[in-house]
Amino acid sequence: MIVKEQPPVVAATQAARPAVPVKDSLLSRALAHHLFRPLAALAALLLIDFLLIPGFFRLEIKDGHLYGSLVDIVNRAAPLMLAAIGMTLVIATRGIDISVGAVVALSGTVASMLIGGTMVIQDGVPVYVAETPMLLAMAAALGAALLCGLWNGALVAGLGLQPIVATLILMVAGRGLAQLLTDGQIVTVYYQPFFFLGSGYLFGLPFALFVVVAVFGVTALLLRHTALGLFIQAVGINPVAARLAGIRTAALIVFVYVFAATCAGMAGLMISSNVKSADANNAGLMLELDAILAVTLGGTSLAGGKFSLAGSIIGALIIQTLTYTIYSLGVPPEVNMVVKSVVVFLVCVSQSDQFKGLWKRRAA
Amino acid sequence: AFAAKPLTIGFSQVGAESEWRTANTASIKDAAKKAGVNLKFADAQQRQENQVKAIRSFIAQRVDVIAFSPVVESGWDTVLREAKRANIPVILTDRGVKVSDESLYVTFLGSDFVEEGRRAARWLVEHAKKNPNRAYNIVELQGTVGSAPAIDRKAGFAEIMKTEPRLKIIRSQTGDFTRAKGKEVMEAFLKSEGKNITVLYAHNDDMAIGAIQAIEEAGLKPGKDILVVSIDGVRGAFEAMLQGKLNVTVECNPLLGPQLMEAAKAVKAGKPVPKRIVVQEGVFPAEVAAKEFPNRKY
Amino acid sequence: MNAVVAHARKLSSAPSFTSLVTVVLLAAMLLVGGALYEGFLSLQVMLNLLIDNAFLLVIAIGMGFVILSGGIDLSVGAVLALSTMIAAWLLQVAHWPPLAVIATVLALGFLFGGGMGAVIHYFRLQPFIVTLAGMFLARGLCYLISIESITIEDPLFVAMSQTQIPFFGGFLSPGALIALAMLACAVWLAHYSGFGRAVYAVGGNEQSAAMMGLSVGRTKILVYAFSGFCASLAGLLFAFYMLSGYGLHAQGTELDAIAAVVIGGTLLTGGYGYILGALSGVLVLGTIQTLIAFDGTLSSWWTKIVIGGLLFVFCVVQRVMAFKSP
Amino acid sequence: MLASTTALPVLDVSGIHKQFPGVKALSDAGLRLYPGEVHTLMGQNGAGKSTLIKVLTGVYQPERGGIVLDGEHIKPRSTQHAQELGISTVYQEVNLCPNLSVAENIFIGRYPKRFGMIDWRRMRRDAAELLARLQVNVDVSQPLASYPLAIQQMVAIARALNISAKVLILDEPTSSLDEAEVQLLFSVLKNLREQGMAILFVTHFLEQTYAISDRITVMRNGEREGEYLCSELSRLALVNKMIGVAADTREQPQTCIEEGHQAGPTLLQTKELARRGVLAPLDLTIRQGELLGLAGLLGSGRTETARLLFGADKADDGAIEIGGRSTTFATPRDAIAQGIGFCSEDRKHEGAILDLSVRENLILALQARQGLLRAIPLRRQQELADYYVKQLGIKTASIETPIGTLSGGNQQKVLLARWLATEPKLMILDEPTRGIDVRAKQEIMDYVTTLCRKGMAILFISSELPEVLRVSDRIVVMRDRKACGEYRRGELDDSSVLHVIAGEGCQ
């Protein structure tokens, strides 16, 4: 979804004007679409998987749910997609949030510590008991994330710190706080229902996927049916002009940081639910870089302004597919990074207009 | 006159990257308190340059003894020379260093990562002898690429593995010592190798715990369909063993505090100390887990 | 050196207030440290700030140019590690003469940076992403050379590592002096050369700079090449400092460098700031660490929280004071 | 003094075609420039003047067409290349670096050097001298951004003058200058003409065209309409050629306000509104249905007054009385809530959101006032956009075109529409007709005054004194950041107003 949508209404009015000839063919319009190149990159990766990894696309039903590499990729990419959705809005306002990983650690830790849980074997039947009601614990975790967002937003919009430094503070301190809570230990959760979020299945599909779809849907609706998207872009492109046009720029900036942190908080819950524990030191390590990478691979410029939520989702899928491909191909671990960087280079270059120009000139 | 001033030790820790490390730190802090030692603790956040900085500041503060767990083996010559010039003895804990002049440190107190790898492999070799009909297709979850434990545990394991031709490593990938990565990588292995996998060797317990979840989610039984061997011996590993999901963990003892304090006092008092102090460590197969579990401190 | 003095004089009058505030706050922090901890203000501790952070200073100089041009370079930490690795490998395995090694490493750093700059410029890609990929690539290449650390035993490197240059009763390392010399060159480059001014112009408004007839492409490519050069020089200093090459060296240094540059008063949006500010930024970060080491009671997590807290206090005070100034 | 037609043109451009996605900006455009002449390029907004200039100076590469400079075919690859070839340019939007000092902006790329180092002292001295010739006396070591647009424009001109070139191109250099500055610039240009330089000049002011140019090339819809000797083309004929129809019979734009109009009740009053160092305490009354003009020289504090009234800057003293209540505006939102609109003089930095479409730019203020949640339905947005595009004659490929690709004048119109769409009670227009062509200017002023007659109050700021005189019901004259006199319409005329604003007839 890009915010500057060309919704059906436009098409209808254009169709109503018979004088305007329809010049572009469907194909050339598809080629010009902003999602075309990210999608092409993803397709290329999947094609490589198809050719090199036997059974990559095989899906089977196991224990009543789908099982296979594709399911894994989507499942694994879920936290990244959430983080990328939040990051997209922040980047659209010309900001950046490098505290995402720390917020992930913090929210995962809060939830895991509150839920904790023990398995009691009663008459040979395991019974799971949570220390705090699960929903309350999750709300607390999201609340903590929200506070982190408020903090970032206040530093950026209120104090006027540069986003990268403002969020660097939380990036450093947030993990410390999480470790302080856990005393540096990994907190293991023993409460079965909590695991559903990160590794449960609904209608045979990973539940995490539904969460992502829901968050994406709500965000997209919000952007489409309110002026949020327009305002965010206006602030990102020209904050001075946006203020003079009467937009509450400060409030808007606080909002996007809160939103991003909340998304990160949800990602944190998902990650700790998936591994049934919270590791304050390692959870979400480098997630911020991956999220930023996903956003840019999706075609959003770090200079702010125009953005594409759907692009970011595709970007996240590209990253996770790449990671998974590396694991499945049996690439030696020493070479991982080289492969990853080369692919990122290729994807980026293939997405640039200049590359297209080069191609055309060759063909001519 | 000597006892009037308490002994001051400057200790530079690697960081708090794992439970093992946290237990290590806690042990050292406790022991220092018990021994009445004034401990200057500095955390390096996993970076060697921070450790060097910390050691320099210990020298500037004129502590009595410097101890540290090196992030890497190499690169210590210069700063240790400065310590020597300032007449401050240095004790290494947990990992050794490669220096041109052995006299730059007085003693090294810690485990032997290569030996840990060997022990893990030996347990497997034993297992293989008892089960002549079982296949031993191993997938390996390595630690962080380039880190000393990852390199050594891999090397030690490979060394012993050669003695038994039925042991084969079919996949090896890094899991960064974390549960999440361990699980992710294991998932990918299970998809591409499927039932072929019969053994998992993880360089630490956390990765093994993550991988165990992946194995269960694939509908297989960890500990039975796939043997799980790991290193460290943290609490979580014992819990897994109690549930029969982990077969063996090779202990890597983090509780170095008391031994370190002893060594420091001896050094300061001018008593001779051995160049290498070995730490008491065991191998805990699942059978002894129940008995051992209550004794675990971390 | 003359240039530095002249520049320092100019600073006091120029619209560089943020940078000045940094210096004042740095002094305040040192005084607080001195009051709290015995021996904190000793000469050698101050000199250690320079010795221990020489490599960071050099990286921050390169980063300063990149940020002034409106870009960012995330690859510096990895290029540093790669440089230590290449240097160590060439010395220990290929047995090259040390001077040839130094020249090669610097040239490779320059080319690596320039290559990224060219990709950024010709394909109009975002610096963040290109240099992020560059970071993965450089780290990855380290492991291709060797996953283990390589100890350097070359006499020249050892001498550079262990020489202590007396300085009013304390000592400085050759590395620190090289870093200071580099700083002087960089200040000259930024303020007295056409290239430096073009960097400022491109950072101020790239399109305008092009319309004014400046060669934007050349400037951008050179900026990244310069940053790559600085990163490889920092790699050499690091190799002097540690006498080893290792793929995991200096992880996260890029963020330190960015923080140092920004704390030194440079705007990430480009065009505003002073290269000299990198020094104060680096010293601020170094002082925070020294404070923590002198305290000696902080656990791992408290260390993180305190670093974050000090950064926060620093940024806020800097901001508030800058607001008050005209 | 007229260039002899027998001499060879120094620059001969012909058959230029340039296409942008969805727009044919130039088709068969061209022009000839002789040494020792001032040649004016005229045309309506969006006629392709700026595009032609950008083609000449290497910013754009044309699809077809040839450029001959001094008898040689050239293909400028970049502005740098064009400069090397001897073409020096001032672009329509100020293209300088706001972060660099004034002196640097003039000399960047051509620094005076000593011992291989930039000689800052000499650079500052030279810059100050150069600007002094244009009678701009500013501290050249301050960053450019600290000066108002007019000064920036003068700096851009100074930079171009300093390049020793064969051809000097000035794209609407006078749009933000006032009378005195324009005269200065002209005297400099005449000087250069004497020395044999060829000068290409773009303006929408007929007066200026006739005051300085030797020949005129008229462009229409991206084509060369024709080339004329200035002395042989009447104003009426010129306007007709630009527009392409012979309908308009008004040679001199008429007064568009009927005499004896009565203003309504007071809408807004400022009480000692002041900001330290920017504006002395100011009492100003604005009535409904009244067009209040602010006259003054550059730097007299008109823009500052407007910004304070709009809450763009915060006043540190005084109050604004509106609807009987005394308030102050901390942010533009407060002012907008009271029904005030403000069209800034700096459209590039304070107005247009370049990457957004015409439609989005147009509804932005209205949407902001309605709040985030009550989004204006897309259909309504399109209606609004279509309406204003038609009303103001905005030349754009579609309402979904990014505003950044519109010509300068058309951007200005969109921004005007942005505020009109909010149907404000008071509209503050700071140089609203900057860069707008003669005809459009007339239309816009007509439109605005009609609204005014329907009850909207207007605060009108313009450096074009005749325009202020013509349309205002009341004029407040400002000098040295103070209001120093108030005149009803008819009390001032073209000559007396000059005395007043220069401080000769005002106590």
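In this document, chain identifiers A, B, C and D correspond to the written order of the chains, with residue numbering beginning at 1 in each.
Heads up, the rule we're going with is that a residue touches a chain if its C-beta (ideal position, glycine included) is under 8 Å from a C-beta of that chain, and two chains touch if they have at least 3 such contacts.
Composition by chain, UniProt nomenclature: A = ABC transporter permease; C = Sugar ABC transporter permease YjfF; D = Sugar ABC transporter ATP-binding protein.
This structure is a prediction, so every number in the text was calculated from the model and none was measured.
Chains making contact with chain C as well as with chain D: A. Seen from the C-alpha centroid of chain B, the farthest chain centroid is that of D. With centres taken as mean Cα positions, chain C sits 32 Å from chain A. Taking the mean of the C-alpha atoms as each chain's centre, chain A and chain D sit 45 Å apart.
Put simply, the C-alpha centre of chain B and that of chain D have 72 angstrom between them. The set of chain B residues touching two or more other chains comprises 15-16, 22, 25, 145. Among all residues of chain C, those that touch two or more other chains are 143, 147, 299-301, 303-304. Residues of chain D in contact with at least two other chains: none. Under the touch rule stated earlier, the contacting chain pairs are A-B, A-C, A-D, B-C, C-D. Residues of chain A that touch chain C in their complex: 98, 155, 159-162, 164-166, 168-180, 184, 280, 289, 292-293, 296-297, 301-303, 333-342, 344-345, 348-349, 352-355.
Across the complex, chain B is touched by residues 53, 55-56, 62-63, 67-69, 72, 76, 179, 183-186, 188, 199, 271, 274-277, 279, 281-283, 285, 323-324, 327-328, 330-334, 336 of chain A. Chain contact summary for the complex, chain A toward chain D: residues 4, 6-7, 9-10, 13, 225-228, 230-231, 233-234, 237-238, 240-248, 305-306.
By the touch rule above, chain C contacts chain D in their complex via residues 3, 15, 188, 191-194, 197-198, 200-201, 203-205, 207-215, 271-272. Only residues 10, 13, 15-16, 22, 25, 39-43, 45-50, 52-54, 56-58, 60-62, 71-75, 77-78, 81, 98, 100, 144-147, 151 of chain B touch chain C when the two sit together in their complex.
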